[in-house]
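Read from first to last, the chains carry the letters A, B, C and D; within each, the first residue is number 1.
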Amino acid sequence: MEKNRLEAFSDGVIAIIITIMVLELKVPHPTEQVSRPDKLTDLKELLPVFLSYILSFIYLGIYWNNHHHMFHATKHVTGGILWANLHLLFWLSLFPFTTGWMGENHLAPTPTAVYGFVLLMAAVAYYILQRRIIASQGRDSLLAAAIGKDWKGKLSPALYFAAIPFAFVSVWISNGLFVFVALMWLVPDRRIERALQQHAKE
Amino acid sequence: MEKNRLEAFSDGVIAIIITIMVLELKVPHPTEQVSRPDKLTDLKELLPVFLSYILSFIYLGIYWNNHHHMFHATKHVTGGILWANLHLLFWLSLFPFTTGWMGENHLAPTPTAVYGFVLLMAAVAYYILQRRIIASQGRDSLLAAAIGKDWKGKLSPALYFAAIPFAFVSVWISNGLFVFVALMWLVPDRRIERALQQHAKE
Amino acid sequence: MEKNRLEAFSDGVIAIIITIMVLELKVPHPTEQVSRPDKLTDLKELLPVFLSYILSFIYLGIYWNNHHHMFHATKHVTGGILWANLHLLFWLSLFPFTTGWMGENHLAPTPTAVYGFVLLMAAVAYYILQRRIIASQGRDSLLAAAIGKDWKGKLSPALYFAAIPFAFVSVWISNGLFVFVALMWLVPDRRIERALQQHAKE
Amino acid sequence: MEKNRLEAFSDGVIAIIITIMVLELKVPHPTEQVSRPDKLTDLKELLPVFLSYILSFIYLGIYWNNHHHMFHATKHVTGGILWANLHLLFWLSLFPFTTGWMGENHLAPTPTAVYGFVLLMAAVAYYILQRRIIASQGRDSLLAAAIGKDWKGKLSPALYFAAIPFAFVSVWISNGLFVFVALMWLVPDRRIERALQQHAKE
């Protein structure tokens, strides 16, 4: 029962974060130049905000999905797990801010680096939460088995980390890395998985 | 149990979308012309926003209602269903934006067309979700039987699609189509159903 | 199970409405007159907004409470009940707007009348929902017995209705009526109940 | 079952409060001085807002955590408990406002004192709720035993109370007290607990 309440609370927070992000997509208001902002061109300004919204929506979807599976394989909840979970939710709660900042500045270097930093911290928080759960459930637990080598969980923060300095070289490299990581979690292609696992072994 | 969490998450997102939409209904603030916007006439400007709020509220109510019934007839949830569901929630999450844009521009052609486009995409996303569920539950499943020929589900996107170009002829045709589709789902009149089914067979 | 999802959805919407209302309580920003709005006097402007926030918070608490009890005594949910419930949520969703408008205009007549109108419509929607549930559960049902003569449910809309024209005589009468109705539901004093029931019989 | 709905509602409200607070962290917009606010220095202005966000996030996490445990040890819910719970949620709902006001004014004395006042009222509301539950469950109940002497619950409001006048001496003392109380609940160090319990006995 304790677990249900933690899941419900996390779902609530993630659902609100996802929906609050859309508030950054601001309805265009009349300006001195445009008295009636009712043309498609008036939305052009919003395109980078919209694209970063899509990216963050997918990331939050992935987090919700993985959170879901992780707690499916969790039996009991300890105080440490509760706080590790809140720590994860804290970093996720910064997504609307970094998404909005990156979008409104048309993917400028610093906002892109900060976006990557928050992604990195969320990944670290997720990793800590996972460790906490496995520590309390035992190394032979269902979760430990289900995660296995967890190459995705280890590769993702490394790529976010790389994306931070790359933002000052070219924001397209950083954003390409963000999209690549999202696709890596999204696409359940077994061949890619196997190839990357092979690579991880070497 | 997995299903419950998906339902709870979807309910949360839809509940927040519905309530966030009302934030577009902005309390009138003092301007140079009106220092105390406390008259009924100060709300006149808000009427189109209010009307589009009602329309979108009903649409989200219909989606919640149908989502509810669809998952009632669903036994287990797969990864594909999870993502098809998130895809639907993505398009629903754009309702507050399109509703606000259409309302604030007093139902101008382009915002009306964009409103119709998002309705269309949500209907397509719903259809994909339904297909995914039936594919995983089997063609002889409860859901497949409950949906039957699904003429409403097929007619609605066609009408949304038609409403997009019509917005540039007359926004009243498009909005009439939106209201008609909403009523079609809302009114459980069996005679209309039978008549339209007959029409669909011919 | 259907009932649980309706309850959860209603809880979600009411929880969001209650919390969104607090957004009308805007942090004072620097103006030409006040460069650092960090004094208690800078909150003075917010007092009417704060008082109307308290009033609406209590009203939403009462609605949640009664909704809770009503569905506790409900066995199954029909399509009609679902829509009657959404109709109630629609009027409740307008509380943040009317609360903000009344508060920002320091309880001016028209906003007070509109506040009363939305209270009235919510009460009517609640009554319709109650009728729908009793119609589906049977006149001998637990709910019908629990409600009894329902003098509170009948007196409240009458008082809201009276408060609308009174707002143009004196907003204090209207607001007094709003506070009185809230207290009537809040205070479980049996003597007042008995006295008013006696009065209702005569 | 009644209890579940109260828990779910409280979770919903707390989840929304936590997430709404992040809206005070406003994406920097172009000004006359800065046409492209895309540098790290453009975030400098937000640092106090961010720090108060972290503090309030931790406080809400502690409240959620304790609320969770308290209701875990609660068997049935009465009308009085429902309202005592709503009273607690009311004070928690003011956190986004006081957090934003304190943060935007860079921890100025009055906003800090008001922040402390709302913390104090929330602690009082929590105490009332706890009393209500124990009164209905019996003095020998699980909850009464679990709470024990409740020195943390008694020390916290005393420290918040002290922090209010101290804000006019130095805001660092007040904020130090807020951080200390948060750490006191956060750190489950048994030695500190034992030491403070000893101190409480003397």
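One rule holds in what follows: a residue touches a chain if its C-beta (ideal position, glycine included) is under 8 Å from a C-beta of that chain, and two chains touch if they have at least 3 such contacts.
Everything numeric here is computed off the predicted structure, so don't read it as measured data.
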{"item": "Joint neighbours of subunit D and subunit C, given as chain labels", "value": "none"}
{"item": "Most distant chain from subunit C by Cα centroid", "value": "A"}
{"item": "Interface sides of subunit A and subunit D: same vs different residues, half threshold", "value": "different"}
{"item": "Cα-centroid distance, subunit A relative to subunit D, in whole angstrom", "value": "27"}
{"item": "Distance from the mean Cα position of subunit D to that of subunit B, given in whole angstrom", "value": "38"}
{"item": "Multi-chain contact residues (two or more partners), subunit B", "value": "8, 12, 16, 20, 23"}
{"item": "Graph class of chain-chain contacts, one of line, ring, star, complete, other", "value": "ring"}
{"item": "Full enumeration of touching chain pairs", "value": "A-B, A-D, B-C, C-D"}
{"item": "Touching residues (chain side subunit A, partner subunit B) in the complex", "value": "7-8, 11-12, 14-16, 18-20, 22-23, 25, 27-29, 36-40, 43, 54, 57, 61, 64-65, 68, 72, 186, 188"}
{"item": "Residue ranges of subunit C touching subunit B (in the complex, touch as defined)", "value": "1-2, 5, 8-9, 12-13, 16-17, 20, 23-24, 79, 82-83, 86, 89-90, 93-94, 96-97, 100-101, 104-105, 108-111, 114"}
